[in-house]
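Down below are the structures I want you to see.
First chain A sits with chain B, and in the next complex the same chain sits with chain C.
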Partner chain A sequence: MYKYDNYDQAMVDARVAEFRDQINRRIAGEITEDQFKPLRLMNGLYLQLHAYMLRVAIPYGTLDSRQMRMLAHIARKYDRDYGHFTTRQNIQYNWIKLEDCADILEELATVEMHAIQTSGNCIRNISSDQYAGAAADEVTDPRPWAELLRQWSTFHPEFSYLPRKFKIAVIASSEDRAAMRLHDIGLELVRKDGELGARVFVGGGMGRTPMIAPEINPFVKADDLLSYLEACLRVYNRYGRRDNMYKARIKILIHEIGADEYRRQVAEEFAHVKTLGIDPPLAELERISAFFAPPAYNAADAEPDRNDPDFALWLDQNVKPHKQAGYAIVNISLKPIGGIPGDATSAQIDVMADLAEKYSFDELRVTHAQNIVLPYVAKRDLYAVWQALREAELADANLDLISDIIACPGLDYCSLANARSIPVAQKIATRFADMDRQRDLGELKLKISGCINACGHHHAGHIGILGVDKKGVENYQLTFGGSGAEDVSIGKIIGPGFDEDGVVDAVEKATEVYKALRKGDERFVDTYRRVGLEPFKEAIYG
Partner chain B sequence: MKLLTGNDLVSGAVTWWTGNGWSIHVEDAADVGEHGEAILHAEEGARRVNAPYIIDAVPTENGPRPAHIKDRIRALGPTVRTDLTLKPADPTAGDWII
Partner chain C sequence: MVEFRYRTDEVTEQPSVTLDAFLDQSNATAVRLEPDDDARALIPFLDRLTLIEVAFPKFRDGRGYSAARILREAGYQGELRAQGDVLVDQMAYMRRCGFDSFAPEASLNPDAVARALAFYDHAYQGAADSAVPIWKRRHG
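Then we have the complex of A and B:
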């Protein structure tokens, strides 16, 4: 893992001191809320329905046990004993007091954490593949590049006041586990004739105008990547709309001028930027990469004993192949049946930290699907890990099944939401609680957003649910056919919306249609794509 | 009826204008009638409330009930964590929201 140098630490410490002063001035009445709001948002502090909410950055979703324990400590000491892991691989605390915020950030800084780039119209926390460094299919470890982008983007003077927020994802596998093409910039690291570079996709996103990022450049050499991204951002910063926040994202700019024209302008800008010497020297790249060297693998290859059927089920569903023989990737589901997707108590966070320290070379990952990963677990330790997880009520074997639901906080917490998301997720998970039934349905990604901003990624759900306000009453629209993976697609609305119970019934009917029509190993989304909407519509609306 | 609500500047807690101060209990909220804007500006200026706004509500036997579900959730707490609401011991409290 990357470790701060003196410059990193000094920057974060200075930011805490600066924000402490700003908070004191706000409480003393020296600045108004209108003046304070942009300052607090630059430090991840929102005002939500019930209290202030603090969003803490977890760069590319990677953290160690010391940091994870700090997250538990913050939940225990300053919040209500739990945290909410988000679809941006971050964590949110829902019950923060303004007067505590500087102390929280000061404590976070002691473990190299902060809340910078979790809000505002800047380049947000870089996201990545939660299996980075462990996946058998990656061409290189994307984390050094994500870290390089973090350093480049943090406090970037030119890009701190963009027309709108800007999200970048980096992957290095053909399997997309980070919804890469639904970001403002998606990078897929690839090799061409042995040389490392990146496919660059620009202009994707969800929200009220979902778009899949077109490929702007099929191969940018690694040596040129930072300059190329600088050029991409410069063109956006110059021409992105600032008069209408709903049309200010880069996807709108590219949609309006066209990918070809945007590509041309970026190429022109790149020719200039490349002369500025932005790309880091090899020594700096090597310095960063050294932090992500593979751990000291020492376990012989051995298959775990599958005699315990519950353990075997968890192995089959939540444990994924590792590039190193003798090791496996463990997915910890934060989606207990009837629970709140992404929530974990401080005690559970501590358990996961302990397991990482003991069994996963001290490393954890947060996934955009609101789960946790232990990336380096020896197969011989899997049973012990599972037992500890089961003890902590963290052993649900439902990864990628219908109950592994992404859900935004919705109207239960969020001031932007129009409808509640969590109760719908709970009802669907409970309806499909039977594991045999879930496994029979196979991979089925269900995603729920409580408003059009789409924090719950409903556009990318095989089944998506969007909560809307219909004359003061919660109403839920269903979409089918979305995907955030390498088969990326935007879901389509199937028809009129439903009330809370009605949408659960509709989802169940859709699964029955799928079961009746599926062929071979088809997933729900495959069957939908083959047969189209009509059979589903007929069953749901009769 | 009209209610004035906002969040406490320091704690962030949801608060309701009672006629002569602020309460975290919506039952204490007073009808501000046509005076909402004036009270809002005075209280915001005095830093006694953050992000205040005026809402519609319906008077009931148990006090005012905000017209919109969003404000009822603000008044009581998240429907999915009854233990964190203002009435954690009352399992039926959530019915008031819906």
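Then we have the complex of A and C:
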């Protein structure tokens, strides 16, 4: 894992002092709320329905046990004893007091953490593959590249007042576990003639106008990457729309001028920017990469004893193959039946920290699906890990099943929401609580957003649910056929919306149609793509 | 009114003209850029300009940051002034993008400005100022 040097630490410490000063000036009335808003947002501080919410950055979703324990400590000391892991691999706290913020940041800084650029119209936390460094199919570990981008984008003087927020994801596998093409910039690291570089996709996103990012450049060399991204951002900063916040994301610019014209403008800007000497030498990427060297693997290959059926179920569903023989990737589900997706108590966060320290070379990951990963667990330890997780009520064996739901905080917390998301997630999970039934349905990604801003990724759900406000009543639209993976696609609305119970019934009917029509090992989304909407519509509305 | 200036030369007294007016009749030495003006249109004339004023009608509109860097990258040495809705907490980034004078619409507290400009000793990335990026310090 990356460790701060004196420079990195000084940057984070300075940010604490700066934000403390900003808060003091706000409390003294020297700056207005309107002026303070972008400053607090660039530090992840939102004013929500009931209280301030603080979003803490977990760069590319990677953290160690010391950092994880700090997250538990903050939940206990400053919040209501829990935290909420987000789709950008961050954590947010829902009940924060403004006057505590600077102290929280100061505590975070002691473990190399911060809340820098977790909101605002700037470059947000860089996200990545939660299996980075452990996946058998990766070309290289994407995290050093993500760290390079983290540093470049931190306090970027030109790109901190962009037309709108800007999200970047980096992956290095053909299997996409980070919804890469649904980002403002998606980078897929590839090897060409032995050299590493990035395929660059620009202009994807969800929100009210979902779009899949087109490829803008098939290969940008490592030591050109920052110049190239700088050119991508500069074209956007100059020409992105600022007249309408709903049309201000880069996807709209690219949609309006076309990918070819955008590519041309970026190439022209890049030819200029490349002369400025802003690209670090490859030695900097190598310096960062050294922190991500493989851990000291020492376990012989051995298959775990599958005698305990509950353990075997969890093994089959939540444990994934590792690139190192003798090791496995453990997914910890934060989706207990009837629970709040992505929430964990401070005690649970501590348990996960302890397990990482004892069994996973001190490392954890947060996934965009709001779960936690222990990336380096020896197979001989799997049973012990499972027992400890079960003790902490963290052993739900539902990864990628219908109850592994992504949901935004919705109208229970969020000031933008039109409808509640959490109760719908809870009702669906409860309806499908039976594990045999869930497993029979197989991989089924269900995602719920409480408004058009799509924080719950409903466009990318095999089944998506969008909460809207229909004349003062919560109403839920269903979409089918979306995907955030390498088979990326945007779901389509199937017809008129439903009330809360109606949408749960409709989801159940859809699964019955799937069961009746599926061929071989088709997933729900495969059957839907093959047979089309009609049979589903007939069953749901007929 | 210029409230903060980080240059030692004389203040230009000549009022600045719009970009269109300047391009029509280019003997002026001071120009004002609006957010949607293309700063690159000035590149052929940078030698004879002593002041370029960049307007910030709203502090949230960040186009002026790119305009400033583009002008400095093209070798502009004259005064580069941020005018309009310029706030304390934007000034450090503006300095990094090459602005060296500030004419905020609403007067700013000079102590708060001094503090805001002094929080960071280093910067991660290269820009239009003289800060040596951290990666360069690491690798000599």
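General remarks:
The rule is short, and it goes like this: the second predicted complex is superposed on the first by the 542 of 542 C-alpha atoms of A that agree within 3 Å, B and C clash if a C-alpha of one lies under 4 Å from a C-alpha of the other, contacts with A are read in each partner's own complex, and residues count from 1 in each chain.
Assume a contact is a pair of C-beta atoms (placed from the backbone, for glycine too) under 8 Å apart; a residue touches a chain by one contact, two chains touch by 3 or more.
What you are looking at is a predicted structure, and each value in this text was computed from that prediction instead of being measured.
In the superposition on chain A, contact of A:Ala51 is made with chain B only, not with chain C. Once the two structures are superposed, chain B and chain C can be ranked by residues of chain A touched, with C on top.
Of the two partner chains placed around the shared chain by superposition, chain C is the only one that A:Glu18 touches, whereas chain B remains out of contact.
Residue contacts after overlaying the shared chain place A:Leu411 against chain B, while chain C stays out of touching range. Of the two partner chains, chain C is the only one that A:Asp5 touches; chain B does not reach it. In the superposition on chain A, A:Gln151 makes contact with chain C only, while chain B stays out of contact range. Common to the chain B and chain C interfaces on chain A is no residue.
For chain C in complex with chain A, the touching residues are 35, 59-63, 65-66, 69, 73, 87-90, 92-94, 96-97, 109, 112, 115-116, 119-127, 133-139. In the complex of the two chains, the chain A residues touching chain B come out as 26-27, 29, 33, 47, 49-52, 80, 95-99, 340, 411-413, 417, 420, 422-423, 426, 472-474.
Listing the residues of chain A that touch chain C in their complex gives 5, 7-8, 10-11, 14-15, 17-18, 21-22, 25, 30-31, 35, 38-39, 121, 151-152, 154-163, 226, 234, 237-238, 242, 272, 276-278, 280-281, 283-284, 287.
Contact residues of chain B toward chain A in the complex are 7, 9-14, 44, 47, 50-51, 67-70, 73-74, 77-81, 84.
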